[in-house]
């Protein structure tokens, strides 16, 4: 075995440049795939992360009959005395924060211009609102007692030409199916760098939101963040009750998870195509090496080397080539990915509203992707080596010695 | 009229740390219309001398004149231009371009010299006819015998109307009959067209065709049947 | 030059197997790009094709100042909408020109509330060109003298749990900044198989909209339907001089984000494709390095025949480029095959329609085009990369001294 490796190594060294370029082809292929995988992972990871932080949390507690698609405000669809429920949940050890939220639909209007929005009533003091508080661009954050302040997103402010301190009209639906309109003052403008969310989401203090929607002491949901995402199921089981439903982030983000699965399926086809191209470059190199060494193979065969051993020799060569290419590819790939992990990949606003996608994607290379792609490249390179190796093994020694084909 | 003049030419090859002195001060004049053999054992410098005359190589010292022009200091492009049209080559192996037919091989130097298509067609066919291969014009080299290939090579060497044709062991890879035929063809063409032939050989059956025999040994001219040595006869 | 082409072309085929492998690699790379290009066009068509029908026209005419605020659908009345309609109807390409009022509002019932686009239409004039009018699944389409009735999509009806005859509260803003709230009866439901889009689009009659939003006798938009897609530019050009001071846009202007998304994705794809082609380029490089080595003596002969070093280089660059171009041909064949199949089968996209406003217009499947839209550029890229890959071997070949090469056996 050592002998075989030594021979293969020397053989590759005989035409160093050619071996280098073949390994480089593999390296470029692998690096490209690593970048691709880390991009998808980064995109999807950020979608899930963003959705969790901004919208779904790790867990939500809702009334049994609450239907998310309707944003109903009927009392029987809401949680009564939500602050108390939230406090109870927050007292559990794994829970980082639990806070009530109230959802309503509305339209913001200034002059004759209108824009549909989603109104969220929040407890301004809760830590769960950190993304909005930290993303404050101008003005101030809401306070619990604020009766006329509203927090709006940057894209909405820009579209409607609103600054902090400006007035706007907000119409929202109420618990009795009616619509109420009131004037608000833009208290602050926030940005989460997630156009799809910021454009349509406005915030009111919970008490004010309850007042305008006539929902009294009710909330649509308890938004819960955990200290550790892995404990989701355990906590869900702990707080399950007969009077309400408990939803995990997986329940709420089914679309995202499906999209991710689908994307992974498509991307695997892409991986295989890239590797097929890489493989053909390697096949060619080895086929040429076999031709070049026809005479030598004849000598080896006449010295009593079996076809299988000759095959093993060439396969070892492709194995070594694969190892070299993979090492190079990992270095290149990790460096390129590291750059984009640090500085991100600006994609701008693609008008995505169904998913929460940030305007910049930071690549994220997981161990799983790295190992998978490395193994995949190795296997495909070995498979590519099979054909030339078989060609070499099948050579007739007499013909081969003459240098014929 | 002088076709080639070699003055005090030396040529040293370096392979790693080893220096080989292929030519050690050669003087030689080739006149127009000569049919001259360079003879000597292998390693005597025949091929090196031919390559210097053919502008394929440059001397380490000394000078080479072709048609009165000093070619020893020319750069690679200038040498290529010099070869194209002025010098024809015939090699020991049958040096045809394998992807081109006999016709196309002979046509190639004409194309490189920018001859018109009518002119090319006429010249190629007359050349192939004169080497007796008109009927094999559209065969590829691998469909021709060794003798036929070498005759195509002669036709190709003649195609651009060169002043000088250099042949390096033209019959070495041929059997006696074919070798004989090649030498007869070359002799006939020398007489018909007046083009100068210089060939390197160590085959006595070939030497007998030569009208002048220059003998080389260890990189020096030791005998010249013309009896004229450069520097003595001027 | 013909000599060089002849030599290069025949050299390619001296070792068919090698060449074919590289050609396959190049072809695969190019086919992948054609697939992508085809998909983008299919994506575009799937969206735009429906967009025209859903938006009610290939071209929209608005009053000055509308464009900047388009996403807030301001109630900016056209100075003279009848003149716009007349001007449009004089053009031979125009099938219909209808007046509309567009505004944002809130549709609410006891069950919940949705932000919607309210569109006031001239029911009789749009009957033939409005896709919703042709896909009524319950109740009936609007008529001119309807009052207090509303025509909604199945998506919204399902979400709100309403049917024909049920009542919905419609809230909007009038021209004079007053809130207008009106409870209306659902008269009909249309189904475009695009639930996400249907949730956002509801129709009322123009006269109703005029009275609701204080636009007596006025409208905010004229929608123009053309005989076929692609005539937009010429019609816009023809209308511009007749209608100074109006904003005339083709349907594409309604989706600025779609263009950005496609551009941004194409940029990524371009980088990606260049890397893939470079990998295949390495194949050409290796192949030619081998060829230079194998043909050492032949290169010597060419030198002896008087080819300059440059000319010998050129021979190899040509050879590399030709391999690339044969790869292009292979790629085209592969690409046409793939796209040809997908054109018949289509790709399921129904899962993603909710992701963006514009994908909501995709009704289920995407059918790619042949993918030849950018073929010239793609082919050129292949040729350039192949030529560049050939540079190293070509340089090497030209460095051979003929005197030494000829010794080489």
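As written, the chain order gives the labels A, B and C, with residue 1 at the start of each chain.
What we mean here is this: a residue touches a chain if its C-beta (ideal position, glycine included) is under 8 Å from a C-beta of that chain, and two chains touch if they have at least 3 such contacts.
Bear in mind that the values here come from a model prediction, so they are computed numbers and not experimental data.
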Closest chain to global C-alpha mean, per-chain Cα centroids: C
Per Cα centroids, the chain farthest from subunit A: B
Intercentroid distance (Cα basis), subunit C paired with subunit A, Å: 25
Whole-Å gap separating subunit A and subunit B, where each centre is the average of the chain's CA atoms: 72
Whole-Å gap separating subunit B and subunit C, where each centre is the average of the chain's CA atoms: 66
Subunit C residues touching subunit B - in the complex, by the definition given at the top: 2-3, 6-7, 10-11, 14, 297-298, 301-310, 401-403, 406, 409
Residues on subunit B engaged by subunit C in the complex (per definition of touch): 51, 54, 56-57, 76-77, 80-85, 89, 91, 93, 95-100, 104, 108-109, 111-112, 156
Sites on subunit C touched by subunit A in the complex: 17-18, 21-22, 24-25, 28-29, 32, 69, 71-76, 103-106, 108-116, 159-161, 169, 171-177, 179, 181, 196, 255-258, 260-261, 264, 272, 275-276, 278-280, 282-283, 285-287, 289-290, 351-352, 354-359
Touching residues (chain side subunit A, partner subunit C) in the complex: 17-18, 21-22, 24-25, 28-29, 32, 36, 67, 69-74, 104-107, 109, 111-117, 159-160, 169, 171-173, 176-179, 181, 255, 258-259, 262, 270, 273-274, 276-278, 280-281, 283-285, 287-288, 292, 347-355
